[in-house]
Structure formats: C-alpha cells, structure tokens
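First comes the structure, then the notes that go with it.
When the chains are written out, they are named A, B, C and D in that same order, and each has its own residue count from 1.
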Amino acid sequence: MSNTNQIPTSRIEAFSDGVIAIIITVMVFDLKLQEIPTDKTIWKELIKIAPKFISYAISFLTLAIMWVNHHQLFHQIKHTDRKLLWYSIHLLFWMSIVPFGTNFIGANPLLWQASFFYGIIFFMSALSFTMLRNYVIQTNLLHESINKQAHIKIRNKNRIALSIYLLAAFLSLVSVYISFALFLVVPTMYFIPEKITHLEK
Amino acid sequence: MSNTNQIPTSRIEAFSDGVIAIIITVMVFDLKLQEIPTDKTIWKELIKIAPKFISYAISFLTLAIMWVNHHQLFHQIKHTDRKLLWYSIHLLFWMSIVPFGTNFIGANPLLWQASFFYGIIFFMSALSFTMLRNYVIQTNLLHESINKQAHIKIRNKNRIALSIYLLAAFLSLVSVYISFALFLVVPTMYFIPEKITHLEK
Amino acid sequence: MSNTNQIPTSRIEAFSDGVIAIIITVMVFDLKLQEIPTDKTIWKELIKIAPKFISYAISFLTLAIMWVNHHQLFHQIKHTDRKLLWYSIHLLFWMSIVPFGTNFIGANPLLWQASFFYGIIFFMSALSFTMLRNYVIQTNLLHESINKQAHIKIRNKNRIALSIYLLAAFLSLVSVYISFALFLVVPTMYFIPEKITHLEK
Amino acid sequence: MSNTNQIPTSRIEAFSDGVIAIIITVMVFDLKLQEIPTDKTIWKELIKIAPKFISYAISFLTLAIMWVNHHQLFHQIKHTDRKLLWYSIHLLFWMSIVPFGTNFIGANPLLWQASFFYGIIFFMSALSFTMLRNYVIQTNLLHESINKQAHIKIRNKNRIALSIYLLAAFLSLVSVYISFALFLVVPTMYFIPEKITHLEK
C-alpha cells in the first residue's frame, strides 16, 4: 500500500460532487403541496410551504458555499491519502444530515428545537470542513506554489462561521428569529469579503 | 488565490451534470398510482396520472435542452473563475425548483396558479442561463476561435424564450390552455431552427 | 458552431452515468414495509413486498445490461455531435420511466395492465437504444478499427429483444405469467451468447 | 469486440461513484418526523427517530468503508473487461439493498428479523466485494508493481468480516443486541489495523 500516497484527488472530488449534488437537489422534493388544493385554498396551501421554500433556499446557498470552497481547496491539493478520504467522508456525513435539518425547520419554523438542530448540523459541517483544511495544511498536501497564509486567513473566517452557527443554535432558546438572522449572516460573510479581495488585486 | 483563474471547467461541469441528472430523473417518482387499483379502477387511476406524465415529459424535454446548451457553452469556455461558479449555481438553483412546478401542475393542471408558477420557474431558469452566457461573453472566457456572433444570435433566441415563458405565466389568468401551448413552443423553437442551421452549412 | 462535431463523448457519458445511476438506485426506496410490523405480522408484510423485490431485481438487471452496452458503444465512438446527444437523451427518457413500471408491476403483479406497461417501457427503451446504435453506425461515428459487422450482429440481437418485449406486453392479456417468463428471457439472452463469444476467441 | 479488454476503468469507477453516492445519501430522507410535533411532543418524536439516525450512521460508515476499498482497488487495476463490469454491478446490486435494511432496522430495531436481514445484506455486499477482488487477483488485472500479498492479506480480513456479518444475522435470533455489537465490530476492525500499518512504515 506504499503507493496509496500518490492517488490523484479526481475520484474523491467526483464522489463528493455526487453526494453534494444529491444532498442539494433532493431536498426540493419536500416542497410539495400536501392537500390537493382548490382555487380557494391554493394560496393558503402555498403560504403554508413558504417556510419550506425559505429553508430550502438557505440550505442550498450554504451547501453551495461549501461546495465552492471544497472545489477551491481540492484544486490546490497535490494528491490524496487514506486519511484525507476519511476527513472528506466525515464532512460528507454532516452535510448529508442537512436535509433532515431543512425538513425539520421548514415544517416547524417556530419550534426552537428546529433552529437548534439546524444550527448544530451547520456547525458540525463547518467544523468537519475546518478539520479537513487543517489536515491538508499540516501534512503539506498543498501544491508548493499555494500561499499557506491565504489558507490560514480562510481558516480564521471558518472559525467565525463556527462561532456564529453555535450561537445561532443556542440563541434559538431566546428567540428563533435571532437564529434565522444568524443563519443568513454566514453566507453574507462569504460573499462580501470575496469582493474586497477582488478589489485588492 | 491568484491561480483561481486557471481552474479548469471539468468540476463545475461534473457537478452540474450531477445536479441536472438528479433533477431530471427523480421527478419520475411522482408518477405513482396513489390508490391500489383493481382490474376495474385501473384505467381511471391511469388516466388520473396522465397530466403528471405529460408535465414530466415537458419538464424532461425543457431541462434536457438546457443541459445540451450548457454542454455546448462549457465546451467553449477556456477556464472557470469564482463568479462563473456562482452564475452556474444560480442557474442550478432555479432548475432545481422545476420538480416543484412539475408536481404542482401535474397534480392540478387546471389551476391557473400551477401554470403561473411553472412559467415563472422556467422564466427564472432561462433568465439565469442568459445571465451566465452574458457573463461568459463579456469577460472573454470563450476560446478565441469561437464566433461571438453565434453566441449573440443564441442570446436573442434566449430572449424570445424568456418572453414566451413570462407570457405563459401571465396568460394562465386568461386560460391555462394558452399557457400549455406556450410551454411547448419553446422546445419546438429550439429544435426547428437548429435544423435550418444545419442546412445552411 | 463548426467545432461542435469535435466534442468528446466524456460529458454525455458522465451525464448518462448519472441518470442511469439514479434510475437504477432510487427504485429501491419503494422497497418499504408499509405497516409497522409486529413479531407476528412481520413475515406477512415481508411476503407482501416480495413481488416488489423481484421486479426491482429484474429492472436492475435489465438497466445494468443497457448500461454495459452503452459503456461498450460509447467507448467505440470517436466524438459526439448534437444529434447523438438527442438520441442519448431519448434513450434516457424511456429508461427514466422504468421506475414507474417497476413500481406498478411490483404493487400489482397480477394486473395485466402492469405487465403490459412494463413490457412497453422496456420495448421503448430497447427501441431508442437501437435507434442510437443505428445513428452511430450510419454516420461513421465509430473508430475506424471497430468491426461494423459486430455491431450489425448486436443490432440483430436487439431486434429479437424488441420483439420479445412487444410480445411480453401483448401476451399479458393472455396470462401475466407468460410475460414474467419473457421479461427474464432477454437478460438470459444477453448473458449466454456472450459466453459463447468468449469461448470462440 | 477484441479491444474490449483495453477499456479504461474510469467509467465503471464513475458509475459506481454515482450509485454509491445515491445509496449513501438518499437514506437520510427516511430521517423525518412523522407527526407534526408541538413543543411538548417534540422530544418524544425526536427520540422515536433516534434508532433511524443510528442505523443511518452505521450504514453510512459501512458503505463509506466499501467505497474507500473500492477506490483503492480500482486505483490499482490496469483496465476493465466485461466480467469485471458484471462483478462490479453485482456488488452495486447488494449495496443498493442496504437502504432497505437500514429503513427496516431503523423502524423496528427490536425485531430480530430486521437485524437478520441487515446482517444478510451486509454479508452479501461483503461477499460480492470479495468475489470482485478474487477475480481481479486471479486474472492479473492488477498493475505489475502491486504487491499481490497485500491483497491476499486484505482478502483474509474480508473473510473475517464475512463471518462476523453471518454471525450477526443468525445471533439476532438469540439477542438483537449481540447483532448490534457485531455490526460495529467490522468498521472498528477496518479502522484500527490501518493505524498499525501506518505506524509500521
């Protein structure tokens, strides 16, 4: 098994793409009108699934950010090893729980437990991504030309995201609306600084 | 992140293929007989799911056209960048809502709201595709050998498609049958002119 | 669009793999015990889903044969063009209906209509595969080294399969058990002659 | 068909990745609260789905181990042939039944039949993997540089896993808790020795 270290990253990328594509897409199948509506009840039914649509959109966006970061990270990795496979699978496990959280909060938006679990699932996903990134940096799996400093900067951003998700989970006990706001903060955080980086170049 | 601009398009193509493959396929799981039929009730049950079958076929065809165009566009793109990833994800988001619209119109073909949302979802999908194409043309991500004029021609065809979908959405208030006809016009439009192009060569 | 003809087959292969992987796999989610069983009712519940399991296995096998043939055919194709994409999508459309037929016959094995539609769906899938193969042979998309004679031989085998599926569909009116037997003949036909070919070498 | 033997493994790897990604992910859609909970009933509902979550996690882990081994094995295979395709499809068939077993044991953790089928399904999956590995070793499909001895070592580990799954299936008649323990032994077995291998280097 001495040549295990030279395995290219192509297959773990393809497998991750497959898993993330399924997670991100199949959630939409919860978006269904449960009663057969008539012309009179249709708007009431549509309003009833509005929270499901919003939670779908937030989960889609959050998972898409993870995919973009995964894409960027793996583009910079020289080759894979057995441990990297397992760090990736660990990440995919927590990402695969997102549809459960999305369904839970979409069906019961005002229950604090829904926001709590939704926050915890995102926290665990972000944590396993940070663990994956740390492993890659520590074991020198990055291409030599890659600026490690940039990755440490991203890691710091990850840590803020982690804190926000944990905060969102526990502040659901105070008010679920605080949690909702915090779930939107992380995607915003990932979009805005990128713009600044582009300006700096 | 200076080498971000040299990322090949292979992974965004693979991810898009995965997402589109799931969207296009999993819709078929709504095609189920809801009651356990007997020899007497079976035809009544089958006729009941006929609108679901028709809406599945139209959605399959429309999504397939988008995939073919996506395939053709990305074949001509030199490399990807972060913004192109997000234009693609934006397109995939709207395409991922298609199964909701398909289920809605398949279960309630005569409700104008179903045709309205079906039209709006296709409009948003086509709009996000046009935005993706515009970005690619404007930022010179196309291979040098590619005729930009051809893309501008396609963009004009896209604009007609956009108008038809918007028209289909709002004319559902007059009659859903007008909307049904318009949902079939766009696929026809994409098939017939292609033939003419082939003859011109 | 003059370089459209030089598009490699990699992406249509990847997309087909994705669609077929979903079709072949997601059917298993109909294999569910509908009532929560107790120690006493469990065997009755398990026997009730036995036809679903058998229809799943037959569909899995038939789709797997199609995938193997698709794999082999595309390995021998030089490059793709727009028409080949559409012949492939046409094939995928009919293959995507297989889960509907599988669910139908699994839930109502003794209704002749179930066997009828199951047969028709397989007939249409096999027909669209034959159309794809014919197009490839006629337009010289095959690598020069490939023996066209071998493909014509396979086409003849396809024609027998087509006749069997059509026969299975219509003989369901006489007895569904004749149809069941015929559904098993085609996979057997594809396995046994292959062995003979291997012996001939 | 003389060049069939030179077919690269890329497409069977991609197809397997697709199928395994779907199997491993879509199971999560059984993780749903069945009743709409209130603030009072929510914990009772969450506890009710705890066995589903545990069985999901075990299945995810077991399938992930199989994927890692599949990844490693195929990385070392020179090229594919028709028989290798069918050994792979045989493996995928049994892996595709795992969601049925997971749903069964998650919904009825204390029924011995659930543990019995769960064990049998894992046994058949492991058996078909061993058959695939044996075929690869016997027909010299491995790269010359690969140590066959290492594969024979792994095969022995596979045989222990096979015995454990068979034991787990039949000991469910004595106590399902013995089966639960045994389902956890195999993943542990695959993780711990790997660590020792790493230390030996």
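By our rule, a residue touches a chain if its C-beta (ideal position, glycine included) is under 8 Å from a C-beta of that chain, and two chains touch if they have at least 3 such contacts.
Since this is a predicted model, take the numbers as computed values, not measurements.
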Contact-graph distance - origin chain A, target chain D: 1
Farthest-lying chain, centroid of Cα atoms versus that of chain D: B
Type of chain A:chain B copy interface by residue overlap (half), same or different: different
Where chain A and chain C are represented by their mean Cα positions, the distance between them in whole Å: 36
Mean-CA-position distance for chain C and chain B (Å): 26
Touching two or more other chains - residues of chain D: 14, 18, 21-22, 26, 29
Footprint of chain A on chain B - complex, ascending: 1-4, 7, 11-12, 14-15, 18-19, 21-23, 26, 29, 82, 85-86, 89, 92-93, 96-97, 99-100, 103-104, 107-108, 111, 113
Parts of chain D lying in touch with chain A, wherever the complex brings them together: 13-14, 17-18, 20-22, 24-26, 28-29, 31-33, 36-37, 39, 42-43, 46, 57, 60, 64, 67-68, 71-72, 75, 145-146, 150, 194, 197, 201
